[in-house]
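Chains: A, B and C, in written order; residue numbering restarts at 1 for each.
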């Protein structure tokens, strides 16, 4: 039984980068990932991993490349019984999207109690893990222990232990808007003409990403697509519009509503929760309306 | 599961011990929370400030002037004098003011109005209708139909009944016409000033009351 | 026609023409079309007063009539949309005053008050009323010129006339006539001014205010302002010029105007020339307007340096959306507005996807979605998947927006709000009627005393009959009434956009 879990943090880190780069990693990559490491320690760590048979070693263009060995089921569940092998195969098949326990049961044809036992055993061996799904809090999916859950399961940067971080999103939303607003006025009466002005008031997602990163408000690394997600919320807030450049990249510009707030929202009835109950007679009438009273006092 | 079943059956949901365990002393649970939720819950959002500038001020003034103007013209139709049973010194003057206005007729392009709305309409039509009844030809015609009927009755009893029906029908028509006219005349009568000033079915009194009692004053 | 519309119309009639006209109006609103005798029967009012009320309604074009089955009597019908316009009168005056000056304001004001008038009658009345006002310096000649320009520009038009060809004069049928700009004889007018009598002039052409022409101005104004907000002043100005060009070749309310060559626009910009930045970059501004102008303008071809079309229907749609966005934002909060816009952008969307794109916590997102559903801002369409293997078939729910229905919801809300403002104002007036009456009387007396030049001491004595608390209360009431009245104007602006949208969706 080979466990690819190592107890020391250095090996862990190396494994992580290796997982992210299925094509393999070089010495340099490892040094970049764990910079505060003496070369002796590094060599020791790598040797240990090689010994465990985690890596394949290649020579590519004069430099050494370590690649994570494809894990075959036989290796992983050495010494396991047939049931475990079947379940393991199903879980491996599902990849980093995971598989729901019900689907395992249906497809493996195992009885409920037996399946639970098998899963428990695999879990205790740290071969598989259970991951909570973000968009269905009670749903658990199983995947191989060493896999990073897919975004659709983990929710990506916006989730901390399956909890949606709305405050974080709000802050990013506001910061993005600030960035766009800083350049929004460039289009107005630009002496060089409106097209140039418009270009100056546009921002690409990459620019916004850089701004956000430089602000240092996020301790998670935000990908460009994360920033696009935030910028799109601004579009849905009606505070930005997006255009597509000829090269296909999306650009954003801060805008105002076409009209100032209309009459309806300037009167109490426009925001009144009782407006549909309001009649000419009865308890809720315009004559005796408390909201009107308050409004007329100002 | 068992608890749920018992709850449904009615009766106490908790025993005294259970309540005490929850930190609720005897009698405490009935004390509060009986008041209904407020009729007007606190507003979560306030309306935005009204836009108000010089243009709005101008429009408000113009609007009030326009309404005031309308109220001074016959376009503002006033009900007949109502009394609330209390004589007032001012009544006399109010009546005077009202009379002065009542004399006026709204200035309209009368040719574009239906005849029944034109000021002289009621008089004209009444006289013309009277004349119609007095008209010799109409009377003659009437007499003739009656005569015809008589002769028919005397002469041929066997003669075509259809013809008889025809005349009867015609007669009925005439009768209806007369009734119609009478009804219309009556309505017009109601329309004269004289009738109006006396007409009070008492409903008006109630209405007045309703209007004054618009609800409690805060 | 909705119940809410009936309630507003009723309150407006009460405010402007009193209780009896209100009752007759209500009766006509409920029953549609009916003759006098039926109105008398259902309202229980004396026939004479029903007749007076109908005269008022017909005079101000708030009702119409047609011969009933009896031919000699007419069936009357209320025109609720025209009743709503009464609230818009001040805006017409503001518009004409700022565009054509005081003379035009006086003419339109008088014409609105009279509903219809002959040209000579109107000119002489206005001139006579203002002949002592040195400040304004109104002369009948200036008035005449203004009248001609107003008629030429279409702000006033000839009133429909009774069709003389048809036999029955008991119930005339009114037919619209083409407006001919009149040639008014100066000498006759001056003569009428000096004698103060119109008897010598034979003028039987009646005029009335053309609301639609004003509405075009309001519409243009909204579009220009929107482009100014979205891009800049120059783009707004360009929009104005485009609209002007549009009027030359298209119907005013066309869903899409006929194409205008960019060359003509360039020419128009050159002539308007005070915006140097605009004339320098006309083509660029046209392009930006086209690409970032919320779809108000569309390029349809390249002939003549590009062909441009003004999209009235789309503009109305976009502005409606802007109204709805504001309403949702204020009623349910900005996160609800985010969901609302998201659903609009995606057309049909599943609940899970809403959460994913709106980036809101699951629970809040669901709650807001249901609130939007509850207040009829969004709709839901269940889709049954064909039964698939394993009995896993589950219905999916697609959220979407029925724009037309939501616009109706907003309209109903506006009607309710408008009704409530009017009702509340009437209530305030009623509650303090006695005091307001007293104030009015004191003012009249004081005014009379001033005219007679009575000593200040006596005037003060009369004025002091209003005690300080009374004065404070009066001031407070005035303020409340002013606020309610201003709210009516704003609600009317709101309704204008909604009605503009409905104009195309019928």
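Here is the rule we go by: contacts are C-beta pairs under 8 Å (C-beta built on N, C-alpha and C of every residue); 3 or more make two chains touch, one makes a residue touch a chain.
All of these numbers come straight from a predicted model, not from anything done at the bench.
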Enumerate, in label order, the chains that touch chain B and chain C alike.
-> A
Chain pair with the higher count of C-beta pairs in contact (A-B, A-C) = A-C
Comparing centres built from CA atoms, which chain ends up most distant from chain B?
-> A
Where the centre of all protein Cα atoms falls, which chain's Cα centre is nearest to that point?
-> C
Please work out the Cα centroid separation of chain B and chain C, and write it as a whole number of Å.
-> 28
Centroid spacing, where centroids are CA-atom means, of chain A and chain C in whole angstrom = 50
Rounded to the nearest Å, the gap between Cα centres of chain A and chain B is 67
Junction residues of chain C - those touching two or more other chains = 330-331, 427, 483, 487, 489-490
Where chain A touches two or more other chains simultaneously, the residues are 261, 265-267, 270-271, 285, 287, 289, 295
Give the residues of chain B that touch two or more other chains, as numbers and ranges in rising order.
-> 44-45, 47-48, 50-51, 214
Of all residues in chain A, which touch chain C in the complex?
-> 106, 135, 137, 158, 164, 166, 169, 173, 187-189, 191, 193-195, 198, 229-230, 232-233, 235-238, 241, 243, 253, 255-259, 261-267, 269-271, 275, 278, 280, 285-287, 289, 292, 295-296
Touching chain C in the complex, chain B uses residues 44-45, 47-48, 50-52, 55-56, 58-60, 62-64, 66-67, 69-71, 74-80, 106-109, 111-117, 187-188, 190-193, 195-196, 199, 201, 203, 211-212, 214, 217
In the complex with chain A, residue positions of chain C that touch it | 7, 222, 225-226, 229-235, 277, 280-281, 284-285, 287-288, 291-292, 294, 318-319, 322-323, 325-327, 329-331, 334, 337-339, 341-342, 345, 352, 355-362, 364, 390, 410, 413-414, 416-417, 419-421, 423-424, 427, 480, 483-484, 487, 489-495, 497
Any idea which chain A residues touch chain B in the complex?
-> 260-261, 265-268, 270-274, 283-285, 287-291, 293-295
Complex contact set, residues of chain B against chain A = 39-41, 43-51, 214-216, 218
